[in-house]
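Shared between the two complexes below is chain A, which has chain B as its partner in the first and chain C in the second.
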Partner chain A sequence: MAIFNAKDRVIECKLVYYGPGRGGKTSNLEYIYKAGKKYAMSDMVSINTKGDRTLFFDFLPIGLGKIRGCDVKVQLYTVPGQQKYSSTRKLVLKYVDGIVFVADSLEIRRKANVLSLKDLQQNLAAQGEDVFKIPLVMQFNKRDLGDKDIPIMPVDLMTRDLNSKLNAPVFEASALKGTGVAETLKKCLVITLQNLQKELKWTE
Partner chain B sequence: MSEVLLSGRLRFLSLGDLFQLLGGNNSTGVLNIRSTYAPNSGVIYFEKGNPINASNGPIQGMEAIYSLFGWCDGSFEFLDQPIKVAHVIKKGRMEIILDALRMLDDGEIEKLGPPSFEEPSLIRTGMDKVGEIEGIKVIKGPFVNYAHILEEEDYADGESIVKQGGHGKWIWVILEGVVNICKETSSGLLTVARIGEGCFVGTITALSIREYARSASATTAEGHVRLGLLDTEYLSREYSSLSPDFKMLLLSLDARLRQVTDLVVALSIKGPLNEKLMKGKKVILKKGAPEKKAYKINAGELCVLGESKKGPLTLLSLQQGDIFGNLPFLDLGHEPGSASVMASEDSSVDELNALFLQEEYERLSEVFRNLVFNISTYIFMTTRMAYHLHEKR
Partner chain C sequence: MSDRQRVESLVREADTYRSQGFLVAAKKKYMELLQLIQGHEKYSKNKKLINAVEGKIRSIEKEMSDVTKAEAKPQLSNETQDLIQKLFSFSKNREHATMEGAVALAKFGQYQKALTEFMRLMSEGILPLEAAKNILRCHLSLSPPEVALNQYKNWVSRDDFPPNDLKYLRRFLKNLLDKRGVKVEIPEIVERAGKAKRKKKAEEEVLDISSVGVPLNWGPLKGETVEFEVSFQSGNTISIIVPSDKTQLLDAFRPGVKLPDMQCYSLIAVFNGTGVVSGKSQITSGPKKGDYTLDITISGD
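And then the complex of A and B:
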């Protein structure tokens, strides 16, 4: 549920990048932060959680326009994958508005993807959210590694594994290079805001 | 006096949530935090939504903020107050939150909260020195609301506030200082509890019409103490408006506290324990069972069986009119989570509507609810002390 700051007329919505460790969540955020630095409203916070860094920053995307006279501010987070970081996970997932699931295309990470998605479903359920209802975009990351003869999974196999029930919009990406990063974020923002308007019974 | 703008319990709104709330609101003021499990209160200063300084006892600044993230249970108040302290914290609030939570999960911040009986902190707080005042941890209560205080009274160090066996219906709330609750025993005066700010002297039984003697304990001031005399008439009116079941619950809680206190005395003077209580009884509610219901006793004799590391320990007996079972709004450290209930063959019990009791609890005035919360904390801490003495016996 987005936060309305009536005083400053700002709607804050929260997008969380979820996925298996070292799958490219932080690369996504780092790319967005660098590319959109002029829109960023805060420095990027980087916490050295073991296995994976936890990142946070908020920014004011242009081109989204105003909703009911309010600016839309977006908070972006990554979640630490390791089980023991439950306090961080709980805080990050609280009132989450939209999710980008970053799946790793490497063959050896097939199981890790599935486990992480299950983990997401459970953690959302603990916050009273449903993985099938929350705005979610799927990103198949590290596609470029296929060109270097590193075994990666075909897209239809990953779709079957991860997206056969969810039917979320899918983007192929190479987050290190920035390919597909903006498209993923944009789609997630659009469906998140659509969902907010629907939830609040707003009609344009 | 500065105005309270926001108050509540950390169990419901954690420090991380509070930071975000005050941050999003660009609030300026002082956040006070108090936990029953900490010897002092914590203070965080906010300017335009960002924390700029903090203290937790002797710890200051950033380190104090991190340590306060370990307070998972407690009450907070945000006060509208001009800030005069130095601006020593430069980190942004989101970084502080995420860093603190990582440290909490990595075990770098000590967690304070409802203790379990097994917790080693028992030793650290020095419970093993029962009888020696320095050894017993001070119990603290929620913040004091001055609305129902008739008069303030000051006591000097060592001065007696209430005498054991004396009569009187007054209830005080501690505004400043520490009060010792003592029992006269065959081997001298024994301190069974030390209570501080926000705790009450006197019990709810004093509000019922029954003739009442201060059976419980003598209390004396430790250092300078300031008490607030509560408007007993107001509290009595509220008491008489309660449902019969809720009144029964309150009296039953008082009886529990009296019995566990007597148990602590018996254990510390190495007196006889009432081990016969278990005889001829069968377990009707097993420790840790997923019991959801609460019951009142119509007939028979029941007992509550706890367990220290040394083995089972009979905590208290229950009779007609007493209440037991799952009361989720009270944490006594007894059944169903941490103790079993045994009953004689001829016992009969009725199920209570626990939801009604809970609703009634939530409807209580703040000061009354604090009184009830206070008794349950005393019971919890006294039971904990009994276990510890039992282990040493």
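And then the complex of A and C:
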């Protein structure tokens, strides 16, 4: 639920990194926090459990400065990917404005990717949103593991599994190294702000 | 692929899966590796290698056990709890926002702080029935069932709620206890004559309805139940928005259509009601331009 304060010309929106457990959602945010410290409005908050799995969510507020005369503030969240944390995912997803779906390129995670995307679709529908209409960017993460001869899925296969109907913009990435992270975020911000412009007319 | 390459490949995969936290997959690869080594003419004589792989498997099993035992919802710092309250309070209405923040604390397993918040809300008269329900939930998560039961008995003895609300809380507590397989006697609520007037007045008050569920007993969608978020409410008339592409729904909700067995959801109660479609108009401007507004006038059962 973006908030537009017309008087002070401030717009606040919410992006959520969604995807299967251990797919690299937190790594995306960590890289953004480290690489873009000047944009961070506070420290990144992570609540992890044993084995560094995200327990509740990660949170990173960033400020993009002025865009078309408006101060743009963005809250970045990740959801816990493990299936058992469904109610937490629903809560974090509430009033989301844009989504980055972080898919895991590892062959062994093929089914987990599909289930997570289905879970996203259902959770969005439960709050009256449509996965086909909400600004969404797809990231195929861990592409670098292919160089280490670890079995990863070809991009074509991942596209067929996850993006044949959605037709969302796709980015290949290696979040741990930072490859593709900024591009993914930038695209998601652009389409989210374009969408909000249609809804809120904040640049008029 | 030579045997050596096969061994190296399995080690690489197993190590990677382990470092990525995919412990089951990692163990499977180490087991595959062990099997290969043990059945290999040359490697099977290398006790050091076999011991190393067995050691890896044991250590993964320990890691898996630690993960399983890890507290599902650990106690967070005060700062993080405050942040959760702030981030998950969405409503513009201050009272509702406070309630949402407290509910979020409970959802994230911060029951003690949530309990304190719900107690405070109740003492300040903010959404008391909703607060009471959550107080019972928190008690059941923190303490033996008797604590929740005693809490309920206290409310009964202190006349904190009207009889209808107490009946509702009794049902609510019973459901929670049943789900946990706890069988205890919960005192029934016996209404006293003097309270009948208060009950009638309470019933006449119109609750804020947040959403409704309507079973469709007619038309092409017969047999389905549709749910709508309420976008506006004036007295007992609610307005909902139906997208223009939902033509079957729009056809089903013509003005004058009666809606028996509606489920009405408010923050403090769920109740059945009957309704009638009292208006239907197309939105002509704004982000929902082209969609339809349906007005439904509701009467409680």
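Heads up, the rule we're going with is that the second predicted complex is superposed on the first by the 170 of 204 C-alpha atoms of A that agree within 3 Å, B and C clash if a C-alpha of one lies under 4 Å from a C-alpha of the other, contacts with A are read in each partner's own complex, and residues count from 1 in each chain.
The definition used in the following text is that a contact is a pair of C-beta atoms (placed from the backbone, for glycine too) under 8 Å apart; a residue touches a chain by one contact, two chains touch by 3 or more.
Given the structure is predicted, the values throughout are model-derived calculations rather than measurements.
Chemist: For A:Gly69, is the partner it touches chain B (first), chain C (second), both, or none of the two (neither)?
Modeler: After superposition on chain A, A:Gly69 lies in contact with neither partner.
Chemist: Mind working out whether A:Glu199 is in touch with chain B, chain C, both or neither, as first, second, both or neither?
Modeler: Once the two structures are laid over each other on A, A:Glu199 reaches chain C alone.
Chemist: I'd like to know which partner A:Asn5 touches here: chain B for first, chain C for second, both or neither.
Modeler: Once the two structures are laid over each other on A, A:Asn5 reaches chain B alone.
Chemist: Applying the document's definition of touch, where does A:Val45 land relative to chain B and chain C: first, second, both, or neither?
Modeler: Touch status of A:Val45: both partners.
Chemist: Could you look at A:Ile150 and tell me whether it touches chain B, chain C, both or neither (first, second, both, neither)?
Modeler: A:Ile150: touches chain C, not chain B.
Chemist: For A:Thr88, decide between first (touching chain B), second (touching chain C), both and neither.
Modeler: Touch status of A:Thr88: both partners.
Chemist: Could you look at A:Phe59 and tell me whether it touches chain B, chain C, both or neither (first, second, both, neither)?
Modeler: It touches chain C, and chain B stays clear.
Chemist: In the superposed model, does chain B or chain C contact more residues of chain A?
Modeler: Looking at chain A, the partner in contact with more of its residues is C.
Chemist: Both chain B and chain C touch chain A; at which residues?
Modeler: Common interface on chain A, chain B vs chain C: 45, 47, 49-50, 56, 87-88, 91, 94.
Chemist: Can you check the complex and tell me which residues of chain A touch chain B?
Modeler: Those in contact with chain B are residues 3, 5, 7-8, 12, 42-43, 45, 47-50, 54, 56, 80, 84-88, 91, 94.
Chemist: What part of chain B is in contact with chain A in the complex they form?
Modeler: 14, 16-17, 24-26, 92, 94-95, 97-99, 101-102, 104-106
Chemist: Can you check the complex and tell me which residues of chain A touch chain C?
Modeler: Of all residues in chain A, those touching chain C are 1, 21-22, 45, 47, 49-53, 55-56, 59, 75, 87-88, 91, 94-95, 106, 108-109, 128, 145, 148-151, 198-200.
Chemist: Mind listing the chain C positions that touch chain A in their complex?
Modeler: Going through chain C, the ones touching chain A are 9, 12-13, 16-17, 20-23, 25, 63, 66-67, 69-74, 76, 80, 83-84, 87-88, 90, 104, 107-108, 229, 287.
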